[in-house]
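This is the structure, below, for whatever I ask next.
Think of it as A, B, C and D in the order they're written, each chain with its own count starting at 1.
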Amino acid sequence: MTLKIGLLGCGRIGQVHARSIKALEGARVVAVADALPEAARALAQSCAAEVRDVDAILAATDIDAVVIGTPTDSHFDQIMAAAKAGKAIFCEKPVDMSVANIRACRDVVMRAGVPFLTGFNRRFDPNFASMRARIRDGAIGAVELVTITSRDPAPPPVSYIERSGGLFRDMMIHDFDMARFLVGEDFVRLHAVGSALVDPAIGAAGDVDTAAVILTTASGKICQISNSRRAAYGYDQRIEVHGAQGMLRAENQLESTVELATDQGFRRDPAQHFFLERYEAAYLAEMRAFLQAVTTGSAADPGIEDGLQAQILADAASLSRETGQPVDLAKG
Amino acid sequence: MTLKIGLLGCGRIGQVHARSIKALEGARVVAVADALPEAARALAQSCAAEVRDVDAILAATDIDAVVIGTPTDSHFDQIMAAAKAGKAIFCEKPVDMSVANIRACRDVVMRAGVPFLTGFNRRFDPNFASMRARIRDGAIGAVELVTITSRDPAPPPVSYIERSGGLFRDMMIHDFDMARFLVGEDFVRLHAVGSALVDPAIGAAGDVDTAAVILTTASGKICQISNSRRAAYGYDQRIEVHGAQGMLRAENQLESTVELATDQGFRRDPAQHFFLERYEAAYLAEMRAFLQAVTTGSAADPGIEDGLQAQILADAASLSRETGQPVDLAKG
Amino acid sequence: MTLKIGLLGCGRIGQVHARSIKALEGARVVAVADALPEAARALAQSCAAEVRDVDAILAATDIDAVVIGTPTDSHFDQIMAAAKAGKAIFCEKPVDMSVANIRACRDVVMRAGVPFLTGFNRRFDPNFASMRARIRDGAIGAVELVTITSRDPAPPPVSYIERSGGLFRDMMIHDFDMARFLVGEDFVRLHAVGSALVDPAIGAAGDVDTAAVILTTASGKICQISNSRRAAYGYDQRIEVHGAQGMLRAENQLESTVELATDQGFRRDPAQHFFLERYEAAYLAEMRAFLQAVTTGSAADPGIEDGLQAQILADAASLSRETGQPVDLAKG
Amino acid sequence: MTLKIGLLGCGRIGQVHARSIKALEGARVVAVADALPEAARALAQSCAAEVRDVDAILAATDIDAVVIGTPTDSHFDQIMAAAKAGKAIFCEKPVDMSVANIRACRDVVMRAGVPFLTGFNRRFDPNFASMRARIRDGAIGAVELVTITSRDPAPPPVSYIERSGGLFRDMMIHDFDMARFLVGEDFVRLHAVGSALVDPAIGAAGDVDTAAVILTTASGKICQISNSRRAAYGYDQRIEVHGAQGMLRAENQLESTVELATDQGFRRDPAQHFFLERYEAAYLAEMRAFLQAVTTGSAADPGIEDGLQAQILADAASLSRETGQPVDLAKG
């Protein structure tokens, strides 16, 4: 039986998900919607799907699941409607800018009992997934200290930053989720610092482009996260987990395996620059996991609770950076 | 306009090519053929293509190009028929076991003026292609010494070896083509040695499983190739090119970027084991190049001449290994 | 002219310095002192030096410089006496446990105008020294984010920790100095966290064995430091400096360059385990720098001010960890 | 008891050995000799030794061992005299340009029963020594294929090449010895090729500057060696040993552990350029082994037989390169 999917949002990320669905067995895109008719038409054609409007998709009886890749401020209504219509939901991160809204969504989703996957694609990166599997298998003993480094090749336009919620909510949120994924314990306290070193306009807009956060758990595990909005050498995505019996680290994926040796030394290629290329395998695996959860009825992971917890951490980091004080994290 | 393709041979490699065609724009598989009806049916279904027999495909007026992935001893007849029918030809290596046959095919293909691509997939590996581009761009100056290392994870069954023409013709032939690709000059002399160290049954069958070859060009450039039918740590595919101003080397693609550090040291993953995984990007790029050559009328590269020259080197290496003497290579 | 040196303290580090002096031109150890007569005798013999008591060395007219490698609580009196006697001073870190005492020493040393080098050996490590030189040469543009990782192979005895001043003062003090060395700006704020994860007895003694610190400068540069008292894979000493135009990082020195590839993957050796081996070249370069400063009359670097500033950071980190609050750093 | 050593030859390599002896316990240089009085005086002073002439050293009763670092054409007479005088002998490679002469020396040395170490310093490199130890411990199972890469940063003056015996005898001889060291079986056949690609004057002098050799053993093990007289990226010294259960490889020692990442990619330092720096640890370990052999009466390793066998291989390679034919190697 083929799962019938409605795709909300036909931009860059919607196209990625459409491509993943096409490459996988057991599902197909039946209808797509986008505020830009042209975008919807183009994606519909390449999927052999129909163009409908969002409400029609949410109300459709021939659609089992929705993939939400619309702008963040549309998520809340779409999630609410989809959950009430009993559809399985794949929603891009962030679920919503407001923790209160995410809690409301969570409650409705749970009552509706529909599968919900939050699009933290990095959990599905084969490298990071392998790290977590090895941690669980005891390869390094108890986790003690996690170091996450994320740097974008270049900053987004200031206009984007102004509506994105800022670095902690649009960029570091991935790292907060990764920290939770790898540490396996709740964080109880967080301290964040940040500066606008890359572009003063980012600072003028009230945000930072270079930041570091320390998180601690009740048992004393520590996580360091650092972000920068620039990295000359590519999209820098590294993780290191130090444990009682060893260390795991994931290095960047470079553009090739070729090394050039000259009188200047030994030079390897830059890291893959583009996030869609870097996480290509992750996006495919993420969609596979969603389809599997829907098909088998198992819980989708990361779920809406994970979306909520990451947002709580992002809010706390924003607050800590503004006040200069650590923030105690309450559960829930 | 969509290029209509007939696929001859629905085994492992035929399936790879079918997948590539599906992923690319501008072409589709119209018909498939295989000696095993079940294999043909399965691939036809996944391509939305028809099952026909080989002769029907070769005679069909609705087919522009054939992709030949049948057993080697079928190639000759299929190439001859396809060329005479004016179809573009993508043929898996080796083109034929007999140099004389390849010469005959070459002459017919050239007279027919049809595009012909020999399936030396490694030329399309992004790493090796990048090496060649950099060599051409002068990154290391004049090429002086090339070292090619190819090791399979494990030997094939002896039954395969008996009909494959032996290590030099079925395995090292890729490296001979790579040597030609990177050195950019004809080789004039070759010396080969080989042993059966992996499996005595391979020796009993008259073949070797561990071998090394030295090739030289008229201007004095040197190429070293070594092969082994086993490699505990994965499918080992490395190349190093030493030039007047530096060195290029391509390392293996590992299963992940994760490193585990323990009291035993720092451990990275094995090399990707399976050739279809290792060369996945290469197979796709190879098909793209074929489609482009056919569409634009430009010469397919590597062409049938490259298939011929590699076979000449493989024959010479087999002879050298048997006689213990170097072999002088004549042109053509 | 040969510089005549008196060596105070004949333990492990005193022996290292004696060996360095022997290997360098232009200086020799004339006299040694140690609370343990046997230790003094042994080192005196290997240096062809005399055994004297500390006061005799400090008062001697045939001695130009003292190298202080005695227990920390002896430093203050020895520095004071040496400075007043007009001798050049090489003093192991920490200069003193009390910031007030270091200030007092600094004032006396400055009034006396004697050369003073604080033994922050890591500044002389060829790798880290090269990083700093490249930063100064503009290789990565303005420094933005520094990440320092230091992990000891195994914790010291709890008895040592009880009198060492704790992790921030005996271990991370090196990293504080390195942060100052690489960032090149004063830090204005610090936040530290720490846990006893390696050994509960360390926690019971009021200290931590796993810690992370964030430091910021007035211009917004950020430094992350993390320490652990254990590392299964050797003595882990890594630094990464991210700048506007790139990144520099120094990896560990491994026990050999050999890599073993098996079905488990590719394994390199552990990091060098012992700090004297890891920093062998640094200790020699450090002594060379001291001799050069004394001989040429140039300022020794790092000087007593550097010893003071690092201690101020260590005190602040200890306080921050205890209170859970960031600490604002005043100058001086 | 201190071993009393006479040093013949006070050039660069003689100075290295003098430094090693000074750094080790249990031996000292008593007398030195050199054709250049100034060189002898300078080294004598730094060793606190006397200047004598060669004959006086060879006849002296207060000297237990000689270290021969004179030009190769002096070795024969000095070895003969030293052996007859019952002195232990450390002789730089090559022992002599003539295999017949080395055989004569070997016979005299064996009859005299004096310790004799041939200065193949690379056997004592910690990396290569570790490889051999791991091979013996079975880390990779039976050795199957050895690949040795040696490249000098730049060619020597043609004047040197004219009296050095050529690339195979002055450069690749180290690799022949390394091949024997690692393979652990006699080679039975050799094929060599070579070209003058670096400097036509080298070709005009009858030598090559780029070469490759294949060696085989009776059991079918294969060794590939390649040499070049230039390497833009430093002194290139790599070895790879492929065995039934895995592979060992030793990478180059770079100038530092620092990596620079920019928009050009990730750049590490060149390989250490100077052979005395690259093999500093090896020279010290080599002298330690000699002193130990003399002191304990155990056989020095590599002995004069190893010097003989390497020379036989170098002669065979020169012959093979000139004739274009493989050479069968007879024992002894």
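One rule holds for everything that comes next: a contact is a pair of C-beta atoms (placed from the backbone, for glycine too) under 8 Å apart; a residue touches a chain by one contact, two chains touch by 3 or more.
Worth saying up front: this structure is predicted, and the values here are computed from it rather than measured.
J.: Taking contact as defined at the start, I'd like the list of chains shared as neighbours by subunit A and subunit D.
T.: Where subunit A and subunit D share a partner, that partner set is B, C.
J.: If you tally the C-beta contacts, which comes out ahead, A-B or B-D?
T.: Counting C-beta pairs in contact for A-B and B-D gives the edge to B-D.
J.: For the homomeric pair subunit C and subunit D, should the interface be classed as same or different, according to whether the shared residue numbers exceed half of all numbers used?
T.: Counting which numbers both chains contribute, over half are shared, so the two copies meet through the same residues.
J.: Report the chain whose CA-based centre is farthest from the CA-based centre of subunit D.
T.: It is A.
J.: Between subunit B and subunit C, what's the gap in Å when you average each chain's C-alpha atoms?
T.: Distance between chain centres, rounded to whole Å: 58 Å.
J.: Report, in whole Å, the distance between the mean C-alpha point of subunit B and the mean C-alpha point of subunit D.
T.: One centre to the other, that is 42 Å.
J.: On subunit A, where are the residues touching two or more other chains?
T.: 140, 232-233, 245-247, 261-263
J.: If you look only at subunit D, which of its residues touch subunit A in the complex?
T.: 232-233, 254-255, 261-270
J.: Under the stated contact criterion, what part of subunit C meets subunit D in this complex?
T.: The touching residues are 126-127, 130-131, 134, 139-140, 245-253, 256-263.
J.: Where on subunit A is subunit C touching in the complex?
T.: By the definition above, subunit A touches subunit C via 140, 142, 144-145, 147, 149, 151, 189, 191, 193-198, 210-212, 214, 216, 219-222, 224, 226, 228, 230-233, 236, 242, 244-247, 324-326.
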